[in-house]
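The structures considered in this document are given below.
You will see two complexes here that share chain A, one where it goes with chain B and one where it goes with chain C.
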Partner chain A sequence: MPSRGKQAILAVAFVCLLAAPPFFNAALPDLASYSVGLLTEMLIFGLLAMSLDILLGYTGMPSFGHAGFFGVAAYAVAVLSVRHQAGFWLTITVGLAVGILLSAALGLLVSHVRDVYFLMITLALGMVLWGVSYRWIPMTGGDNGISGLPRLETHLGIPWSGPLPFYYLTLIVFLGCCALLTLLVHSPFGLTLQGIRESESRMKSLGVNTWLHRYLSYVISGTFASVAGILWAYYNRYVSPTYLDLTASSELFLMVTLGGPGTLAGPAIGAGAIVLLKNVISTYTERWLLILGAVYIVTILWAPQGLWNLGTRRRSKP
Partner chain B sequence: MVYFITQTLNGLFSAALLFLIAGGLTLVFGVMRIVNIAHGSFYMLGVYVAFSVVTRTHSLLLGSLAAMLVVGGIGFAMQRFFLRRFAGQPLPEMMMTMGFALLFRDGALIIWGGDPFTLAYPDFLRGSLEIADVVCPVYRLFVIVVAAAVGAILAILNEKTLIGAKLRAAVDDPEMAAGTGVPVALLSGLVFAVGAALAAFGGVMAGPILGGYTGMDFELLPLAFVVVIIGGMGSLKGAVVGSVVVGMIDNFGKALVPELSYFTLFAPMVLMLAIKPTGLYGRN
Partner chain C sequence: MSRLGRKLSSRSRPAAEGSAFPLAAIFVLAAILAAAGLLAGQTLSPSPAAGPIRIGFVAPLSGAYAQNGRDILNGMRLYLEQIGSQAAGRKIELIVEDDEAIPANSLTKARKLVERDGVDAMSGALLSSTGYALAPYIESSRIPMIYPVVSADDLTQRLRGKWIIRTGYTGSQPNHPFGEYAYHTLKLRKVATIALDYAFGWESVGGFQRTFEAEGGQITQKIWTPVSVHDFAPYLAQVSRDVDAVYALFLGRSALQFMRQYQEFGLKKRILLIGAGPTTDEHVLPAMGDEAIGAITALHYSAALDTPANRAFVAAYRGKYNKLPSYYAESMYTGAKWLVAAIEAVHGNVKDREAFLQALKTVRPADLPRGPVELDAYGNPIENVYVRKVERVNGALQNTVIATFPRVSQFWKYDPAAYLRQPLYTRQTVPPPPALRQD
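Let's look at the complex of A and B:
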């Protein structure tokens, strides 16, 4: 459990998330829809970063192809809703199912692989998924991607539309996933995952089926990434291979590391910070990559445990 | 048949370039266990530095020397001042190299601009040989020969010299090697620098044909990783075999099933990692 101070920070953050859009409407009417959109993006990537942290921070499996699940779910939504005019519930069910099945299938290939090799095999899987999205042109539209996704509000058939309802919907999903993930990491299962991160051989000698735990951790992580991918497809209303590539996966890594691996709040904060930085800086300068590169190096040099863990105990291993 | 031979020659040319780039990567990987995301950037910086030199001196030789010196220096400094303090921690090391990869990409864009170019090369390497309907550009053959020579030199250094023996010891068991007085940290720096210089040299050799353009760093990097994984980390022999396999698969895959070209390339790597993570010739 986080300390008192951190609980207070989380409570304040929750109130801010709830109250921000009306505040933007009142204070910055010109920028309101932009700001609400930015907040929505922060929530979606926050969810994605948290899902990666289940693997990276809690189980100690550095997956370098995590953007793949996010992208595949987003593509499933795009293909169904644009090409086949499928209804809302069918679309999201299939989107989620594709994500789960994919992670269940790939998990079989990777769950017994460790350390640097795990990094490499997930990198390769990420590249395969990216390659498929880039080259399987009849299905994915190749480099052009798929555009013209329906608005979530109209697709779902609710009477409200615009950035505000979408934001609150995303917030509900985000908080729901947060609750589930919190339950998960504090459950005996979640604690076992952390035990595996610290010492797999000891967990094994305690009689834990570590392979199964690693496998389930991989599937759960892929599932939550798919939820984020579905939200992203509806938010952006356009999918393209950019969201699956090496840079996307490593940006996720940065979000988790910057925020604080092994916590849930940390990656969400890291994701928020990176999304905000990206959007704000790219309006002022074209040197975004230079700044992002510097953020990587500075984070590793001076805050390797992440912002959320600053001031608390230092762990020896990331 | 002619088509087959032409594609094989093209595949060998890709394999030669891949070997120059992956040879360095496999050494770095083998000795330090660093997943070096910036390795593709060394390749890119190599061709850009050579471009500046070749446009002034019109000498590809001077261009390659300058590229190897500059990029090797950058690699040495990077290892010495940033990576060494995280020795043995794969994640921070990888993130660090990722940060540098982004810096290098944007830096190259600032210094050289975003226009694509190809390097000029000497007249005696122009033209092509024609043997029984098979047309082969002389320059491609030249690159294949150069890569083979580099491979031979590396193999002799690795197998026959004292520094090679120390290096092999450091790959096998860094702690024991350090315990018996092998300067593992210094060796790591040197290997990193040599790896960077080799990648830069690969970039220069590819320069007259593939040229320099934005995004080339991340285009080549995954291929180099596939080579290293298939061949086995830290093994030169593996790098040779891996380069030929990947060069051929890449060429024939792109020619025969373009829709699946990335799949045909990365699927063998995934299988190899799932079944035998240490690759064909890697040591445990």
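Let's look at the complex of A and C:
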């Protein structure tokens, strides 16, 4: 059965994630900090992709503006920590709150529509958020962004600093979010979301308030995206409108599709694969986009349900 | 985690054949192995003690700004080829990275260059946003960085760092003298501006407005267009009829489109077109037609500059790339010359970063295509600013130099301290000119 195999893979992946930095340190001391940095990026985007998958894969709502929450939380962190010298806990609390409130507000506008209409509205909202970040210059610095964020380690006040502590902090947050998301998708609530994906009318006739479920799924997804955004702002110590533009949202979409929508591990794998491919291939050739494009096409042809679902045949929709 | 795994997979999807697991597992394992292999393969390049001097290069080589990025790279490659990639007896190795003009990517690439490749210096970057994004990382990694093109004023002004050296210019730098030139020599009194709506546009227009109005001129209109502008009709229709000139700032495709529509609207016949240098820069000039003739712009370089050094540079560039060098190419060519001169000044001992940085700040390479250049105390060049007029010579358009302002600093005639107390140029406001230096 696939279950045991995939379980084994996840266990191996977990050990790898835990042991990778010391391994890099021992085996490739010159590259340790770069490799650890790349792993950190993979984790952050893995978390972001998983959060999108709650919408896209589980509830069946293709959001094209998801990078918006990610970016808005990052901006909140930047504005507070750079402009107002706020402390760590205040900064992340506000960052998270902004993400949650924003998704709660926007969710009211989008939760009543489905499919391509949902896609169009979220795309438009994503563009609006991008426009705000680009044009609200006194607050966001416009195109130039905000630079000079404090290091996460110093801001938090822990005695260690460098790529390694940042990586393990990210890993802890990542695993915590994984656990929460796993609980979520297997709870009755999560199963109802999947029911809505498969057939909303049947769920309605069972007496489920499908609007509320879709709305909450949107808010939850925005919340986890904000967590990723906060990490990303601290990691780069810089924010810019490119964090929430259409390219970012569509790349996120690709991560989920490549990895396997409707699973949690899939998007994380997709995100890891894309971050890795982008950074590794582009060091060898200037034509790296060609190769990345080929990878997408091959995946669509031979693993249309994503890498994680490779070989698993999905029941055709009615 | 294993619980996670069990739970995940217990979302049993129907119709899984027995072969499903091995396939997926093999694929994932293969991916992990490949990743490990690729990362490991990267160690092959030895961390150098007496190996080559490594120079990192980051610029957009794909995406909307690829052409500008390639011009920058061309300038770098041309100079390295001319010196046989050797300086102070050591080989120079150039490591090129593509950032797609996305600041977060530039950061990732810069980390790779510093932490994986162990570069001794970096260069490149095109957009202001990239410049600002990289700045904190450069300061913390203590690797000297040459910005040949990034023109955001504050990088060498209010937010300047120690390790960034600019060999290009600040957005407002050529426009300060140009404002005075427009008033006194061109005898303009009322000017409308139309420019791309981002920091580079604000700083260029702001610099022009500050000196032009200080002399007594008046900017009667400021029209901003989005960076992604496709049609100038709604903007050109706003230009009022009573201005003496229109000041424009556009780049690449938008510059071509603007020039065409400026003529189609019948404005070219009636109102003089002036502007910032990039509007008629050689990266777009060969693709323009007669509509560009007569436009007057200011920049620190023109490919038509008639000096032996520039003639040699243009000939070499044409020979290698079969086109005119743009200011992007010249800026990086000069930047490369700067780096090599500093490497020679420290006799190739670039590992002493402080000494290397000091050398970068004090060297003054001779025979630069654009003329003499020296760095001010803020890491920005003091250089000639050329007022250029588009003319057709021997069948091809060129930026003929019609006036030269020698040794222009980023602070123009103002006292640096007084200048820096004023806010940066933004979209809405242009601060009044600070008190002139008493000398």
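In this text, the second predicted complex is superposed on the first by the 302 of 318 C-alpha atoms of A that agree within 3 Å, B and C clash if a C-alpha of one lies under 4 Å from a C-alpha of the other, contacts with A are read in each partner's own complex, and residues count from 1 in each chain.
Note that in this section a residue touches a chain if its C-beta (ideal position, glycine included) is under 8 Å from a C-beta of that chain, and two chains touch if they have at least 3 such contacts.
Just so it is clear, the structure is predicted and the values come from calculations on it, not from any experiment.
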Name the chain, either chain B or chain C, that contacts more residues of chain A. C
What is the contact status of A:M120 with respect to chain B (first) and chain C (second): first, second, both, or neither? first
Can A:Y238 be said to touch chain B (first), chain C (second), both, or neither? second
Applying the document's definition of touch, where does A:G37 land relative to chain B and chain C: first, second, both, or neither? second
Quick check on the superposed pair: does A:Q7 touch chain B, chain C, both, or neither? Answer first, second, both or neither. second
So, does A:L289 touch the first partner chain B, the second partner chain C, both, or neither? both
So, A:T93: does it touch chain B (first), chain C (second), both, or neither? neither
Given the touch rule stated above, what does A:I137 touch, chain B (first), chain C (second), both, or neither? both
Could you give the residue numbers on chain A that contact chain B in one complex and chain C in the other? 137, 247, 289
Touching residues of chain A toward chain B in the complex: what are they? 62, 109-110, 112-113, 115-117, 119-121, 123-125, 127-128, 130-132, 134-137, 245-247, 250, 253-254, 257, 287, 289-290, 292-297, 299-301, 304, 318
Spell out the residues on chain A that touch chain C in their complex, using ranges where they run on. 1-14, 16, 24, 27-28, 30-31, 33-35, 37-38, 41, 137, 142-145, 147-149, 175, 178-179, 182, 185-186, 232, 236-238, 240, 242-243, 247, 263-265, 269, 273, 276, 279-280, 282-283, 286, 288-289, 303, 307-315
Contacting residues of chain B [partner chain A, same complex]: 33, 35, 37, 82, 86, 89-92, 94-96, 98-103, 105-107, 109-110, 218, 221-222, 225-226, 229, 258-263, 265-267, 269-270, 273-274, 277
With touch defined as at the start, can you tell me which chain C residues reach chain A in the complex? 1-2, 4-17, 19-25, 27-29, 31-32, 35, 38-40, 42-43, 47, 61-62, 96-98, 102-104, 107-109, 111-112, 115-116, 118, 127-129, 132-133, 135-137, 152, 159, 198-199, 227, 426-427
